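Naming follows writing order (A, B, C and D), and every chain is counted from residue 1.
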Amino acid sequence: MALRLGLDVVTLETDWRHGADPLAIGQVLENDREHKIKAVGAVHSETSTSCMTDIGAVRDAMNRARHPALLMVDAISSLGCADYRHDEWQVDVSIAGSQKGLMVPPGLSFTAISDKALAAARTGGSRRSYWDWEPLVTSNKTGFFPYTPAINLLYALNEALDILAEEGLPTVFARHNRYAQATRTAVAAWGLELQCADPAAYAPGVTAIRTPEGHSADNLRNVILDRFNMSLGNGLGRIEDRVFRIGHMGDLGILSLTGTLTGVEMGLRAAGIPHREGGVQAAMNFLAQSNA
Amino acid sequence: MALRLGLDVVTLETDWRHGADPLAIGQVLENDREHKIKAVGAVHSETSTSCMTDIGAVRDAMNRARHPALLMVDAISSLGCADYRHDEWQVDVSIAGSQKGLMVPPGLSFTAISDKALAAARTGGSRRSYWDWEPLVTSNKTGFFPYTPAINLLYALNEALDILAEEGLPTVFARHNRYAQATRTAVAAWGLELQCADPAAYAPGVTAIRTPEGHSADNLRNVILDRFNMSLGNGLGRIEDRVFRIGHMGDLGILSLTGTLTGVEMGLRAAGIPHREGGVQAAMNFLAQSNA
Amino acid sequence: MALRLGLDVVTLETDWRHGADPLAIGQVLENDREHKIKAVGAVHSETSTSCMTDIGAVRDAMNRARHPALLMVDAISSLGCADYRHDEWQVDVSIAGSQKGLMVPPGLSFTAISDKALAAARTGGSRRSYWDWEPLVTSNKTGFFPYTPAINLLYALNEALDILAEEGLPTVFARHNRYAQATRTAVAAWGLELQCADPAAYAPGVTAIRTPEGHSADNLRNVILDRFNMSLGNGLGRIEDRVFRIGHMGDLGILSLTGTLTGVEMGLRAAGIPHREGGVQAAMNFLAQSNA
Amino acid sequence: MALRLGLDVVTLETDWRHGADPLAIGQVLENDREHKIKAVGAVHSETSTSCMTDIGAVRDAMNRARHPALLMVDAISSLGCADYRHDEWQVDVSIAGSQKGLMVPPGLSFTAISDKALAAARTGGSRRSYWDWEPLVTSNKTGFFPYTPAINLLYALNEALDILAEEGLPTVFARHNRYAQATRTAVAAWGLELQCADPAAYAPGVTAIRTPEGHSADNLRNVILDRFNMSLGNGLGRIEDRVFRIGHMGDLGILSLTGTLTGVEMGLRAAGIPHREGGVQAAMNFLAQSNA
């Protein structure tokens, strides 16, 4: 894990195949004797790589370093897919979006804020208006918004929360884990490689898969879209064109998952990606043995 | 093919594994020298058995017998799935529904009527009001209905016809045939038997599959509904509990078909129905080789 | 009230400005010593004339005549708008539709049947299939239908019944009565005449209004549709072009009613129908004084 | 018009009953010899006061002063209601929202940017990410967004633009003006006062109305919401509780407007606000004489 220092940002580099390293974070904080670092930012479930970061362990490392930085977490593609503990992990700012595990059309985002972060916002930072938390916090107390909200999406959110509550979060999380495991079983049978190299960091909501060296992931995605009318996620940044993603979060039935896997297996063949047959069969066998 | 005679109905019995036999129909009509038979009724695509009847051949047999009976055809599950020629086959009354190949919610039915049938309705039959064609024919000329129609469904129908026209009927029929063939490929790989015993009569929109002797088809359907949230059609009448149906008509993408097949294959295993693995794999291989 | 005798139908003629006359019905039944009359048919709320018939009084007249005829009632435009007592009035067959007081799109109809009517259906009448109650009654016991129902509309019905139950039927009926009274207040202020000449028979769900002699009601309706994008009901049969209708049933708020009245008042002016200004004002004054 | 000077903001105070004064703006700019002022901000149609600002005249004043400041305009409640000329008026930044004249649910905002503003953004301002125009401009060239957009609302926008194009913008603007005039006719008949004191600045999309001294506008709004299920806009800031607003923008038919006016007139009576009867009648008379 390399260290990159900018004017005011310390970026802990990784190989993009693991989650963020709590020990490395703790080390940086311990070295920051003057407490110049104001906040630690981490992504709970990084969509593009499908790697989870252990946020509780990050918090422990911060506590051990006795560092006052705020802990800020992007929970966009994990909220509603995996267990997330804003309070228990003493996260100061958690952000999430409507269009992933919450199954609502895109257009809403959510922010959970600790008292410590609210206090920091009152005194620090640059001039802001739209981003100012105060009017939102004040209005929300009476159930209102200071500006016109995307009201139709709030109805959708209300319904989505009812759906989640009815199924029960532990059941939802177990379903996503089972689907993720079925997907990885198919990937193994195809003889392909997962982007996430750490089994402890596998994301329950999405699985990024590497195409073999020299084979374009984006071409595979285009073939699948063209022939099977299925749009898969792409790799971003340094894994662009090296990775395709299978999402298995939110309102997804088991046959939608296996149907998705059939599209991938037929697509691998159609796009000429070296692989072994039998991924769908392996996933079906796994699902037949692991009851919901 | 046995013959059952009632007060005023002649039923040509079949084994429920073939379509209606044009030659047998012609024979009955030739024997009916006094023209007591007023109408010949046939089902173009019998949903429960997935057997097609060659309506053109039925018309030819009627013509050869020089019999004046009306030809009445149930095209409910074939309209929009298979080529159907009301005028060319000189059908007198064709009936169809909204909820099959036309992809509209259930609630509309359609009747195409020949001049000969309209004339017969004017002079014959019992007293009727709701079933009287005259007010409908009169109102429809100006684009109206004599009574309040299910107007929301008419909007859906309008859209559905646009969708069909955009894809083009020959393409739609070819798609259904390809899906039917993929389904039969899976059935063969599973080692199961089709209900329809005549390859020339395979329906493009639905495939009925027999469970092995001693194995309840309805139990299989319940297991699949319970575990995989997929509701399959059942056998009716004498094939109740012996048959389950896979529909592949209407607005169905290729991955919805393969997803359906994964549900059946996992269901066969879960319900303990003797079968061989590999049906989904065989269907995928077929689909990979037969481009749309 | 004149009497018209057909082969098997006795029609009690009225001036189309009153409901059916229970005394006249009783008289006919008393004269029918041989009980040739099998059923008495009446419309609870006749949409086109906006006249109610007192079904309880019809039943009393039948009972006084000790006549065994079935009582059959069309409750299409009254169900959900006015109190209706199938059991208490010993109605044998009540029919209704989804698209009036029940606020559901058109496409569903409802039939309530007494044991006496069910018994009559088992033994009498002509051959029927679609109209046969038995398979429906049998299937309905388990919550199913013998044929494919208009399932989307059943979801709408479910929601509509919840809405009615939440408001409460007495409140719903009172609301419709208040709206009807406001409408009649406007009509009186305009100096126009109601089609229904009997205050005891005013319908709560719809008000038919006569245009002055020599002034086309249909032209008025066209002007209103053209200028104000509002479609009013027309007169049927002998009151065609003499009557226009203001519906005030179902999911209608008070401002939709007054907005409707503004369209009528502006339309009367635009179409050159002799009338006095002030109908909307009178209705507003009435509504201001009569709290919901 | 008073002048308030802050660290870096010059606010031209008004009585909130007129639009912004182009001459006063020009005067301030001419006094700003050192060009410390970087941007002039104005609201095209101020919702809460229902006053328009003549943006073209503001631009002329800026040009006369030969001042390089950017012109930034809030067109939120005017876009789609009134003629707006981003290019012709050389506006540098125009912002608008989906939920007013564009008839789309809230959740989208729009920004039109001049090359001059783009250049300024590249070199100046504070650090930004979400507000950075560059990635949006780059992605939009290929029809995409750099982040997940509120895609459902984009479908709605597409439809809304078709609706506007079908009616034609000049017809849309004329309709809103006619509705605004009808509304002001009612207000005059009621004997109430408009918030906007300048006839040249009347907004076509919304009309703010003052309640008489000592009478709460918010109480009136509550009475109308409670009795007539209609929610009217409120006054903001210094005109809070002194003003209520009638919106007449977007997808509004003439009878929805008159229905709204009936709700206001009945509400004025119910809330005990001193007024004269006859506002609705006056509006109807106006609408009857002014054809669409």
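In this section, contacts are C-beta pairs under 8 Å (C-beta built on N, C-alpha and C of every residue); 3 or more make two chains touch, one makes a residue touch a chain.
Just so we're clear, the structure is a prediction, and the values are computed from it rather than from any experiment.
Asks: Using the touch definition from the top, what's the fewest steps needed to get from subunit A to subunit C?
Replies: When the steps are counted carefully, the minimum from subunit A to subunit C is 2.
Asks: More than half of A-D's contact pairs recur, by residue number, in one of A-B, C-D or B-C. Which one?
Replies: B-C
Asks: Roughly how far is subunit C from subunit D, centre to centre by C-alpha average, rounded to an integer in Å?
Replies: Distance between chain centres, rounded to whole Å: 47 Å.
Asks: In angstrom, rounded to a whole number, how far apart do the mean CA points of subunit B and subunit C lie?
Replies: Chain centres of subunit B and subunit C, defined by C-alpha means, are spaced 40 Å apart.
Asks: How many angstrom between the C-alpha centroids of subunit D and subunit B?
Replies: 58
Asks: Show me the residue ranges of subunit D that touch subunit C in the complex, using the header's touch definition.
Replies: 227-230, 253-256, 258-260, 262-263, 265-266, 269-270, 277-278, 280-281, 284, 287-288, 291-292
Asks: With touch defined as at the start, can you tell me which subunit D residues reach subunit A in the complex?
Replies: Residues in contact with subunit A: 97, 99, 105-107, 126-127, 148-153.
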